[in-house]
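Please go over the structures that come below.
What follows is chain A paired twice: with chain B in the first complex and chain C in the second.
This part shows the complex of A and B:
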């Protein structure tokens, strides 16, 4: 008799809970959770809130216009997507990129990676209820945005600063000193973080464990895969631009939990700082854009062919597949956003069987970006 | 580990805040900032490249009103700032530097019609002043 009562009460406790898309801690993306009391029985990702149809839009625009469009693939790391798009066009056209432009591209991509990781730290902090971390992160991020404003002319959107053929503007005078000063500030922030907020550790350690075999099966890349114990980084495995000339390490952790992923982000900020310092010391003089692209032209033709470019962006591996039929506009563009697999297969797998209170910690530990998932 | 927070706390108590009090002071705007357009109608050669390269179709080439038709017989640039994404491609492609982006970023408005920048508004103002 008693058993029967218990069974009924469990079934009454089952309900559906929506996490997002208008939740303060979800960011334009929703997860439907099937919950029994506090325990999550199953999770179903529900994308599509931010779909803008970039792949189709790019078929109707010239490469120079697509460079501007590629910012919007992910607001938080616009320059990395700029770089991926520019590389795809450069490879199709066989353009010779000036040395200086390659170095500037690396500096900007790494600065963008640092600010993306800082946002990750901020969002992760507010997700786990650590408000100070959020404010600190966004305060320090603004120093990097000041650099972007000085170099590209816009704080968040560089609007195609890294364009096919090189970069649109040269570094202004005195930018080396300014970049180094900001890097010192970021370094100071990283040291503050490493002091390890005990509440943060308690919220994240042992939560959302992703084993290496599962990570590979579900298609995780970037920091998520590295936190599960695999040493992989496109910058090392398949170097693009001038990354093969720099000395940096790939941080790896074996725990695979939310805390390990968070610490990978912090380690990567340090590595990016060292890459930028090496780049600034070795940057050569010369042109910053190939002669052919100095002024935007409307009649440039892309030779027939297809190309797949992969880049390491802060969230994982970004890919752009581009086909050209010999006209001025690409015939087909396919974009592989790293968040697609992190937010659907990995997130659904990790949320199953956890508590509601752990949802934000797991959700934000994956360093997700709904913009590059929905595209 | 936790005691490390205490010296930081005192340091933060006496340090300057990260933010500035905006209307009274502001951070300097860099020279290459992409803000509101400035258009020099006398330099413009009406080639229409800016209208073609604009990816939001914010630029339209329009004819002059009848009273200015003698002085300006061609088509001139009308910018809709509401559509503009401030990419600066029009500035880069302009062969005579007639269209430029300025440092002005105070562009928020309550009136939708004010986002459209007519090419002849400066001319009209000048003639009003002379009258």
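This part shows the complex of A and C:
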């Protein structure tokens, strides 16, 4: 005990450092670091810069409005959140979704996952000072945004494209060929395999190691958990839409470091490409929205009940808990974003005891999004 | 045909041990209603049964019944089942034992958020610092009787301001 007191009193290098919220490499989020020289003694997450109170806002709105609102949950993967919200309403209302709509939903969710993983790679690269990777990632992402524009009308926000009952519009003519061409381009980007860059490997290998027991204890999900050695994926374990009809692998690694987390992302892009190809080959003809929802109606009531919907989005497990008291608006919506635990409990744990220079590598390896943390 | 054998077996196992109500909603979804007293013991039991992942903690404000309903959404990686425990506590004095000794840090952070948004006190959770709201002295904002439109009008808008006067008409 005495030793500790002495050390603290002579240490003159201890200070507090803010990583974010105005840091170019942090997003709208900050971590308070207590630092001794270069070493981080403790980290404290400081969220709230993007808090918009979505859960409360949704209580004031009809599902048709909430579908548009749900885009904004996360800028980087708006369609996945669209899907989670639509599923919650569908399950409460017991709507039969037409087969074609289910396939279109899967295509859009997987395209969204690919572009989100590409942004992850871009942000990871710029965070660790690798500008080429950043520019390449955002260049290739634009091809997917072009597809979104063609199909939904919006490049980043689809404004409720995946809505209760199905999807807003059918795939336009020639979509299949265009999607396949974009997938070829993405495939090319993945093959260029920028992670083989020795500087990137040196920056990420062995950094921020998360053991499996810690990952479960801290509530990690998705790629972060899979990089620590747990083979789990909501699409396989708790299938929604038509995911149980497709053949795909769940990539797992055991190292649990920043490099492993990113390599999981690369593998997932390949799997998503395979899922989209299978979907395009098997997509049936038919309606793209249930008859009841074909024309937007304002007087639709949600039957009394409650559901908890889980989706695998690119960052991990997304959950929507929706309660209805029989009115037109949901009585309570709870949104569980994967970044909520990744950015608070996991990040604080991983940063402790590391060096300042490793903060961006650890931070971005978690594939985080302050928007779904703050909601 | 959905095969609900796994879910029914799990539920029976719980009903045999604890004085709770429960139902199987569909494949992979079980809902259990527990009282405040046996919440901790049922949570301990479920953790041992393999429900290692606390997906979320939520609160629903039932204004008419004057009760807050806490829901704990648990996922088992082995059984592949989502089990939700629901507990009701009084709205006036919302105190409940914390589950952070059971699910550790993940529960701690979820409880911290629910404390901030609904004013629920979790006994045994020692870090209840606000997450999202800075310098907030008002009532817990996600409760049903808090109307943010009224609050904004009262605190930030003025009738004399030409652009904001429209909100008072």
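Rule of thumb we're sticking to: the second predicted complex is superposed on the first by the 363 of 375 C-alpha atoms of A that agree within 3 Å, B and C clash if a C-alpha of one lies under 4 Å from a C-alpha of the other, contacts with A are read in each partner's own complex, and residues count from 1 in each chain.
Everything below uses one rule, namely that contacts are C-beta pairs under 8 Å (C-beta built on N, C-alpha and C of every residue); 3 or more make two chains touch, one makes a residue touch a chain.
Just so we're clear, the structure is a prediction, and the values are computed from it rather than from any experiment.
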| item | value |
| --- | --- |
| Fit or clash - chain C, chain B, common chain A | fit |
| Touching partner for A:290 - first (chain B), second (chain C), both, neither | neither |
| Touching partner for A:300 - first (chain B), second (chain C), both, neither | neither |
| Angle, in degrees and to the nearest 10, that opens at chain A between the C-alpha centres of chain B and chain C | 100 |
| First, second, both or neither for A:280, with chain B first and chain C second | neither |
| Touching partner for A:145 - first (chain B), second (chain C), both, neither | neither |
| Which of chain B and chain C A:310 touches, first, second, both or neither | second |
| First, second, both or neither for A:331, with chain B first and chain C second | second |
| First (chain B), second (chain C), both or neither touched by A:192 | first |
| Least C-alpha distance (whole Å) that remains between chain C and chain B when both complexes are overlaid | 13 |
| Common interface residues of chain A - those touching chain B in one complex and chain C in the other | none |
| Residues of chain A touching chain C in the complex | 47-48, 51, 53, 55-56, 216-219, 221, 230, 232, 237-238, 306-308, 310, 317, 319, 321, 323, 331-332, 334, 336, 340-341, 344-345, 349, 374 |
| Chain B residues touching chain A - in the complex, by the definition given at the top | 1-2, 4-5, 8, 18-19, 27, 29-34, 49, 52-53, 55, 85-89, 92-93, 101 |
| Residue ranges of chain C in contact with chain A within the complex | 25, 28-29, 31, 52-56, 58, 60-61, 71, 73, 75, 77, 80, 82, 84, 103-106, 108-110, 113, 117, 130-134, 141-142, 148 |
| Contact set on chain A toward chain B in their complex | 61-62, 64-65, 68-69, 139-140, 142, 146, 149-154, 157, 159-160, 168-169, 172, 192, 195-196, 198, 295-296, 298 |
